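These notes concern the structure reproduced below.
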Amino acid sequence: MNDLDINQVNYLIDPANCHNPIYIKGCDTNDLINYLKMMMMIRKVEQKLAIGRRDGFIGGPVHLGVGQEAIAVGVSGSLTCDDRIFGAHRSHSHLLALNPDPYRLFAEVLGKVTGFSRGMGGSMHLWDGPSGFYGSVPIVSGTVSLAVGAAMAARLQKTNHIAVAYFGDGAMEEGVVHESLNLARIQESPVLFVVENNLFASHMHISLRQPSDMQSRFAVANHIPYKLADGNDVVAVKNAASELITHSRNGQGPGFLELITYRWYGHVDWRDDIDVGVHRSLDDVDNWRMRDPVTRLSKAMIEQGIWSAEEEKKLISMLDNQISDAWEKAMNDSYPDESATLNCVYEI
Amino acid sequence: MILKVKKQNYGTAICSAFEYLLEKYPEVFVIGQGLWSPWYVGNSMTDLDKKFGVERIIDTPVSESACTGAAVGASLSGMRPILVHPRMDFMLYAMDAVVNQAAKWSHMFGGQAHPAVTIRSIINRGGEQGAQHSQALHSWFAHVPGLRVVMPSTVKDARDLLIASVLCNDPVIYIDDRWLYEQEDDLPPIEELSLAAQGPACLRKGADITLVGSGFSTYLANKAAEILGKQAVSVEVIDIRILNPFDASLIIESVERTGVLLVVDLGWRNSGFAAEVIARVTENVGTDVLKCRPRRITLPDAPAPTSRALESRYYTSTDEIINTVKELLS
Amino acid sequence: MILKVKKQNYGTAICSAFEYLLEKYPEVFVIGQGLWSPWYVGNSMTDLDKKFGVERIIDTPVSESACTGAAVGASLSGMRPILVHPRMDFMLYAMDAVVNQAAKWSHMFGGQAHPAVTIRSIINRGGEQGAQHSQALHSWFAHVPGLRVVMPSTVKDARDLLIASVLCNDPVIYIDDRWLYEQEDDLPPIEELSLAAQGPACLRKGADITLVGSGFSTYLANKAAEILGKQAVSVEVIDIRILNPFDASLIIESVERTGVLLVVDLGWRNSGFAAEVIARVTENVGTDVLKCRPRRITLPDAPAPTSRALESRYYTSTDEIINTVKELLS
Amino acid sequence: MNDLDINQVNYLIDPANCHNPIYIKGCDTNDLINYLKMMMMIRKVEQKLAIGRRDGFIGGPVHLGVGQEAIAVGVSGSLTCDDRIFGAHRSHSHLLALNPDPYRLFAEVLGKVTGFSRGMGGSMHLWDGPSGFYGSVPIVSGTVSLAVGAAMAARLQKTNHIAVAYFGDGAMEEGVVHESLNLARIQESPVLFVVENNLFASHMHISLRQPSDMQSRFAVANHIPYKLADGNDVVAVKNAASELITHSRNGQGPGFLELITYRWYGHVDWRDDIDVGVHRSLDDVDNWRMRDPVTRLSKAMIEQGIWSAEEEKKLISMLDNQISDAWEKAMNDSYPDESATLNCVYEI
């Protein structure tokens, strides 16, 4: 843990910084367009969920990651459907970045049998094995050790597949995560720990929960190679993730990726929750909105002349249509059959 | 003597117990997740942090295991901590501190030290939250000697049993259910009860059937009994209140009179507390007492589904209780 | 066809199951504490590390929680891990992975993914080890839908049910008791059973009383029945074998014949599995079937004491079973 | 975590080092004599337990800390009976260093009602509240979070008492210990974490369980002041502990003390267990015996002329008598009454 890193964390957690377009020189144009589309799609899907929840169509809680889209998109850029990806309560983006199918996500959140988890999971329990998404659950830190096991399996199976565990700065406080870091290290398991450090666990700012904002200090303690990056810069995320993933695929054990970011909505559902968050002000939220991963990429691309306001307009209207069609379709789908409650307990 | 009577609901009754304890007993403090947030635990802890300070109302990192252990440790050092788990499901991370440490502490050291800790563990389900956010594990805690397990179903018990739990020198699992929070009642002034002296209570006298519940299932049972009362079915309702150590004598006595037993429990069926009630009754009443087979209504042996279509059928209802009573009496 | 018969004891029978699985199924691996030590788990895993390599027989840091989660995660990735907890008490640290994750995984995702993990959890008590090193928590696991709970009492079951557990796609808690290890038997060749098709088994036919046990209590029950048999008391012994999901039909049928039920369980009494057996029987047999009240012999509701003077009385014995049977039949 | 510390750990874990008398210049002579007596007493008590276990008088397991005596003695030098000390499975020394009463320890290990825990605990469950010993239990890491809570209590009670958690390098792998470090730090709880790093957890050498031998790296990660010392040098232990304890008493939060040491016996009971320990050789054990905390102090004192072979002989015979009397007395005591099994479950 060197001073450079500490300075970088201090810089990144200040919401006044990083409002400018991101640095994209040398990046593949198609990749960039893809990132932009993905991030916009995810954003719009979550905004649709916010409205659906507000208006009572969605019955269960939704944890929205609006503002954090660059992370899943950046990380997924180096993943294949043979990898094993685990999420948590705020995982819409993690799944959509692997399988961009808003319809099945909507269906799931609405509790419909056509959803990703056949309507048995809702927003907080998502699964899409074929795309490599092995599951997300709302018990904070619940899947981190599972990802280590999936990585151990990959190694025993003599493949170069890896596992990914997405979790937050709050999850970092659960003991099992520390056990998992050590276990992964001693087993040389190919797992990437991705910490989305959005500075909050529910209403509690990180300064009320930990003596330091920097999560990578636990990678250091466990002798796990780490990278620290601006979580609202998709290219930075992609590059950092890619380097660690390559290292894991090459049989060199786990990696740890810390990404500083912020969620625009409150902890759960569609509200700001300024009153609920200890140390959360509207000022901060506004400032963080200026560090929008979507705008910062789009502006950079326009500056470079590889993207235009026109194209963006088209993209937006395309996405709007796609998403509203998906929503309508999901709304009309059926609920699971009553028998599912008993039939899914054990394999039959 | 005129008792001052105060209108409260289940949530505010809990809050008033906290205030009473924090005002009167400097050794009481509260620790848990969500204590500095206005909405975490409904209206049951409103503004405690503001009234009593963040030194005594401690919001914590997301570390259920260490926080539970810390509460146990503080309780061995002259304090009376109240540990709050806003959802019982999160306690799966804290089982060692509860079961291996707190429950056994007195025993391991020959009764020389007592963890006077109260663990408030909230059942918070429904609302399509799913399998990991819906559990009621009272049957588990009832199985562990050394723990006292308290499940208040009434507004008065919500307040007075919390106070009794905190003043008790043994580790107590105090379980409240968010579905009970809207209940209202006129409460007399607080009375400090000895928890060890508490046991099941008869909430409603009756002659035809003994209906037994705990927490929210008592609430449903009571409602069912009321409706059945109007239909000339006389239902005796017994609220278990204290699941561990479990004194079944009131229930046994009641069944000896009614000859019919129905237990309602909002936990899973297999190896759950409803079975204990049936066992305690059948191993204690004569073989000629029961007019029909004892019966239990429980959750199905399945995790809680999320989809509203399934969730609504997963939990029992007053109707199911009423129908079962009628079936048993026919 | 001539079956090759092999003399084994309970411990070596388990070991032979491991060897069979590791030889035949490349997706099987073993993880837990003590796997590289010759004496950790008696003679039940001798030299597996040497025969199959330390990559597949993984000894671990002292991290029950992560290791259990890792086994679950591996089981979702095409492997069939066997997780070994050399003492059930240590699993209190691993409850989230077992109860919140493994047990609910299939359900949460609509039956699309199954954690095919086997958790071998050893009851290892006696020898003045005390409260934290003596627990038998089978009643807890039996309460959790989604888990299959297996308690072999015979040498053959120790082997064949371990194999069936590992080949089953659901999470299984396989519970063996160190007190059973010295039992010997002649075993036929291994047969791969479907775990879902297994249930309670009648170990001894009888007409006077139905005696039900699980794990070591079955062993005691059997011994008691043998002695009673010589005294012209005809005892039917039923071994529960699978506590979750629990199919009680064989027991119910038996009680319908004998009219007398005695359950022996070496867990605590309150809210324990013995209550479930009594409940299942009494809610299913006619009120005229039972000739006397059902009875259970369990541990007292107290943690295990250490002092030899107390420990020897804490556990039940064949004598207590024999006396209770006689009392019930008198 | 600086290079100096890492070098020190590497030096200390090499059993060939530190065979010389310890450095005692400037120490109070009475203190030194006291340390020596205490360490010898503890050693002899445990050796008696070894024999009692071997010969079948003791029914339950005994985890002997022979070779590690300097730690409890050094740490206890700065403790009072108002402090709150918690131990684990290998805690005879932790208790005896606070209350040097071999008789009550023997009685306890023999399961007699006159024992420290009234015969309800045996070797692995020790309690002596009046001397500040709040309890030891065999669940690895089981008391660490309790100590944090006892420290929180001390702070709420506005005292300057502290809590102590003794645990091993194996316990460091339990997640709850990591949670405890963070909780103590964020609560500024006056707790001293004492890690007796004897390089083994049961049969497993630390190199098979962790990527580094140095436990203090977790203090660094949690921003907790730490000290690293030769656990077989009672003066070094005393000085390091004293500094951290002063810091805690002054309201500056937790401290972390890592002490490198080694146990002479196997993990449990009286045998060497060379065959059981992965990476444990008789050579290593012999080498570590040369780093004996008792001899190294005694030699240093003799060199300084404040102690003599004569005095030592007298001390030994005094201790031998005391211990054999205590043992005889304990052997003749009664077991707890049968009613204790049910009567100790709840307070009555």
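Order of writing sets the chain letters: A, B, C and D. Residues in each chain are counted from 1.
In this section, a contact is a pair of C-beta atoms (placed from the backbone, for glycine too) under 8 Å apart; a residue touches a chain by one contact, two chains touch by 3 or more.
Predicted, not measured: the structure shown is a model, and the values here were computed from it.
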* Pair exhibiting more inter-chain C-beta contacts, C-D or B-D -> B-D
* **From chain B, the most remote chain by mean C-alpha position** => D
* Asked: Per the centroid of Cα atoms for each chain, what is the distance between chain C and chain D, given in Å?
  -> 38
* **Averaged-CA centre spacing for the pair chain C and chain B, given as whole angstrom** => 31
* Roughly how many whole angstrom separate the Cα centroids of chain A and chain D? -> 45
* Cα-centroid distance, chain B relative to chain D, in whole angstrom -> 41
* **Per-residue multi-chain contacts in chain A, two or more chains** => 119-121, 125, 137, 139, 142, 173-176, 179, 182, 186, 208-210, 336, 340, 344-345
* To do: Could you tell me which residues belong to chain B and also touch two or more other chains?
  => 60-61, 63, 65-66, 89, 92-93, 96, 100, 107-108, 130-132, 145-146, 245, 300-303, 305
* Mind pulling up the chain A residues that touch chain B in the complex? -> 59-61, 111-112, 119-122, 124-125, 137-142, 170-171, 173-176, 201-204, 208-210, 275-276, 278, 335-336, 338, 340-342, 344-345
* Which residues of chain C touch chain B in the complex? -> 65, 89, 92-93, 95-96, 99-100, 103-104, 107-108, 130-132, 139-140, 142-146, 243-246, 267-268, 270-276, 278-280, 282-287, 290-296, 300-303, 305
* Structure fact -> Counting only contacts in the complex, chain B reaches chain D at residues 29, 55-56, 58, 60-61, 63, 65-79, 81, 96-97, 100-101, 105-114, 145-146, 148, 169-170, 196, 245
* Which residues of chain D touch chain B in their complex? -> 84, 86, 113, 117-121, 125, 127, 129, 134-135, 137, 139, 142-154, 156-157, 163, 175-176, 179-180, 182-183, 186-187, 336, 340, 343-348
* Name, in rising order, each residue of chain D that touches chain A in their complex. => 1, 173-179, 182, 185-186, 208-212, 217-218, 220-223
